[in-house]
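As written, the chain order gives the labels A, B, C and D, with residue 1 at the start of each chain.
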């Protein structure tokens, strides 16, 4: 339908290569002057150094500041009822654009936008029907499909694990895309699913990973925020003394997690270019092309999701070629990746 | 009335005031050590709360749930029980209200009251489980309420996900407007702050707390059981029944905190990864208020003002909002250990005398 | 369920339990001396924070494998610092012990995050420590079926915790210090009249509880998370408190209780591997450890008896 | 040389508590080898003075000499070093510990280079001491499991273990059975014979006359007199301590018996370890009489009281009040049927110490009119009621809003009696109603009990004190191992006979029914 299209002048479509860093993609670069602009973002309880989502968004804004001289600011929320008050703080202070980072802020963004029709807001991972809000979503299922292809191709035990945070629609998209990707290249592989019920409990992630690896999995994909840190720790632990053929892998999420946890455990990561989206849409604001009222879903086509360049370190070229092949098939519509059961 | 006047002139009123002052000073010192400007920070804090109608209104909204959970914890304390489970009861209250708000369709004069009652009952029943296990099986309520907090979290998530989920979202459908308890005109007056009847209900809760415990027959029984269960059974009061009853009421109070968050603030319930902390904050509020209804009210106000203002402190003075938890902690600390204040006062007086002597 | 799975479950159980055991031991010492300690959560938070920061700095300084041990040491020191607040408030100034414990939780939670933000440029969590603890296989013993995988392939902190269970048991029940400590918690008046320094004993006990809970928090940072953030410690202190009560204020009992909690947690993950689990809503699987705990408590015969003077401040003049 | 014989001398001791001078420049002298009694009303300052000597309190003024040396006793440790030991009124024992552990606590024999407590040696030492002074305690028994009398011996052993030569006993007999009292007196003589000196605080004039060498009388913190026991008499002592004449003899006219009001038949009640605590107990209580239940503590008295009041479930038999079956009923039902209880443990069962006197006065009647109006309490009515009771029963309290905790033991007891008597019960159970009280308070309470009986009510008196039983009862039932083993009239028996019945009824077989008093 209309809401899933980014046909609002095509303004929100990033057009660079998948692994491009924001700086390369900033076409207008220093030529844009944003000194009179103020941008803000509100996160949920996670804060801006969560090593994934929020941090990525904040990096996008800081890049904007560096490139245009715009003023940027953030507030983290202590609990759900702070979302709205924090958004309103910026809205009332005359910020040009206020971001809500994460689906949890969806309702608060909606309410703030309705009450302040002159303000401009934007939401990541959510969908707000309001004329003054830009909604940015990601086709996580498409990206997850590609890492599924990697996992399906590279597993030796034909057992693969998936660790989810909470069983909610966003995470479900990760799971389903991943399952489809694995099945596409390796129908014999079995994927064990383990939801931990939390996004912030590394100990649960560690235990979940332990049971998956114990059950024979050699690759685990996590979509569980900070809970996933436990998955990495468990894998590192196992690789410490393991022989080469017993080595286990983790597939990271949101950011290129090999930068944090190292190449020796991180097979690849499912990137979600929140930084890119935040940077882009904010830039459009400065340029007077803010996609107000539109819902933009960033998929493979838009390089909103994808694999990082660092994947080369562990994933052989032939598999990367296969990944590219599937990517084109998804973009062309030859393959449709499921989004919900 | 006489009592009230006395209460304010006695040392018992002086101690909290000095405690608040000392707490703020501790906060200021820590800010200075961290290289922040405490004056600016506190000015931002006050500005955030009293500077604008909107902020004032939102502060009231922030006070409401912790006033309820504070009352809940204090009520249990008064009857000799330590309810660490306000958090779980809060969640169950939310869930009860959401279920009614989403699945039942009624005119407003029935819908909102029904949602409130069911939410309060859900919280009450959740508290009652711990009460029953204590009364019937002698299981320590501290453990059961901790466990029930986690069970409530997951049970609520299950209910929302299984029965109330709006497709594609991580939360329930919106509750019907007929179940909403917002006060439109007041919100408009308060510049769109989320005003709702919860604050009024919470104040009624304060009055109920006082009247029930000190004015009614049943309250008398609960207090006797709380103060001396042996004497209670000698006096013919059933201790088990009282424990169950007390935990039910305590749980219902905590449940109401959740009810009004759903019906007045969020209008839906999200699948939640963790606890909100309102229940645990309730313990602090209860302690801050010395488990007295009026004290709990003041405690909740102080707590609410400080925590609502914390965001503004980090907005206006870039101070990490966590500093406020240190301030609140210190205030409770000084309230709880009046000996320290007396000791400090004595030292101050002694020093002064010494200086005079020289 | 085959032996290997049980062994793995036991192994995971020990990972969960280690911090609980240590903190519960701390709780036992404090409460045996008559001082309620609901501040365990805060003490663990302080320990986890200090460990993450110190180990990170040590790692930066190139101390390598010694880093996590430096973290544990720092955790113990920070635990003691916060326990000292509790001791001064409750023992010297006779503040309500419950209140003081809650205060510890508040201040520990607030000040550690405040410090993290100061130390790490406004970040909500510390940088990741790479030099953390690794499991140590004990030769020969680790070949025993089930137990070998379950117990003898564990983190050094797990072994430390188990040794401390024995040591503290011995201290409490065999040494004069332990006898005096328990007497102070049961009947401080009696202890006072035979010349035992009640307040000094309570200080010692509360400070030791800071050491143990601090180490407990440190083990979480040094084995599972590798960093510290606002939810590194989220509820473990309260579970440890539950283990103290569940274990009847006895080190062996608390060990059993902590293991039970750990085991219930690890069942969680194993259950999800079975096909039938797809028919069970995951939330019910998450609830399982807590439901099991309550059921066991209900089934357990005999009420636990708290130390006689638990929660009562001692002042010599009072009767 | 008098100086040489004095082991303790306290001069001009003044100790103040907020609002009261507990000791007002008190002089006190204890000579070597004597038993020196301290006598005075409740709250006179006896315990305070001895706590000062034991280093628990620091006096504001005054000097203390031990063996002629001036000393500052800044804590029990110091007192112990000076050879002073104290057996407190409320025992200072760690209940979950064993006897030996309690005794060695604080100065434990060690082994393994001081690392571990040498429990074996501790047990042997305790055993040896216990034999030396004829105390007969089992070192390995838990305090929880031994009788009060035994617990007291543990307290005595604690002082001896620490080498005390000066022993202070604070109301040691208040909690003992007559047998135990007898044994304690023997032990005390024994101690004196071995060169110890003893301070004995007691309210029982008879004991002073029996065992003490000299007596010091305190009133309101001041010493009234100090004199040798020989050459004084109980009446003189009582007068000195109260400041007025006290009649130690109770005026009691003959009982006017009415119809049976409480009928207990074949009562069976389970005790602690599943054994029967009551084993077919039967007795009848009539209007207008006081029935004394005599017996050694632990023969089912507590269980009997709990069963009668509905606090303990009944396994068999019947309890009838005014003909209505009450076995298995709830406490409140029974209370409403006309049964009142003055409980044995006033702090634990009788009062809510943190509530004001006012609320304690309606602890059992708060739900009835006029106190309760449609679920709400009428504090005006409750206050008026409390004022009246406080006045009628002479409860000395600053106000009815004072917390019960702040009242002295005697006044707490008066408050309870006021409450229970005011319920106008058909049957009043009085369990140990005068334990620990001074003669003045005892006189008052006894008068009230007799008054009830004279009004045609029935009183069931459960007491371990034979004197009290003999003095008050119209009829005495002896309880032994959960059964009533005999009934006698006080006028037709004596201490010796009762004592025998209480310990071994078989010698007096054929008693129960043939002795039925009419």
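Definition applied: a contact is a pair of C-beta atoms (placed from the backbone, for glycine too) under 8 Å apart; a residue touches a chain by one contact, two chains touch by 3 or more.
Per UniProt, the chains are B, C = ABC transporter permease; D = ABC transporter ATP-binding protein.
Please read all numbers here as calculations on a predicted model, not as lab measurements.
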item: Chains contacting each of chain C and chain D, listed by label; value: B
item: Higher-contact pair (C-beta pairs counted), B-D versus B-C; value: B-C
item: Chain centre separation in whole Å, for chain D relative to chain B (CA means); value: 47
item: Distance from chain C to chain B - Cα centre to Cα centre, in angstrom; value: 28
item: Centre-to-centre distance between chain C and chain A (centres being mean Cα positions), rounded to whole Å; value: 36
item: Two or more partner chains touched - positions in chain B; value: 154, 157, 161, 274
item: For chain A, residues that touch 2 or more chains besides their own; value: 76, 167, 197, 200
item: Residues within chain C bordering two or more other chains; value: 122, 231, 234, 283, 286
item: Inter-chain touch pairs (all); value: A-B, A-C, B-C, B-D, C-D
item: Touching residues (chain side chain C, partner chain B) in the complex; value: 85, 89, 92-96, 98-100, 102-107, 109-111, 113-114, 117-118, 122, 231, 234-235, 238-239, 241-242, 245-246, 281, 283-284, 286-287, 289-291, 293-294, 297-298, 303-304
item: Sites on chain C touched by chain A in the complex; value: 4-5, 8-9, 11-12, 15-16, 120, 122-125, 128, 130, 132, 134-135, 137, 220, 223-227, 229-232, 234, 265-266, 268-270, 272-273, 282-283, 286
item: Residue ranges of chain D in contact with chain C within the complex; value: 54, 56-57, 75-77, 80, 86, 88, 90, 92-97, 101-102, 105-108, 110, 114-117, 158, 162
item: Of all residues in chain B, those that touch chain C in their complex; value: 30, 34-35, 82, 84, 133, 137-140, 142-144, 146-148, 150-151, 154-155, 157-158, 161-162, 274-275, 280, 283-284, 287, 320, 322-326, 328-330, 332-333, 335-337, 339-340, 343
item: Interfacial residue positions of chain D with respect to chain B in the complex; value: 309-311, 330-332, 335, 341, 343, 348-355, 359, 363-364, 366-367, 372, 375-377, 379
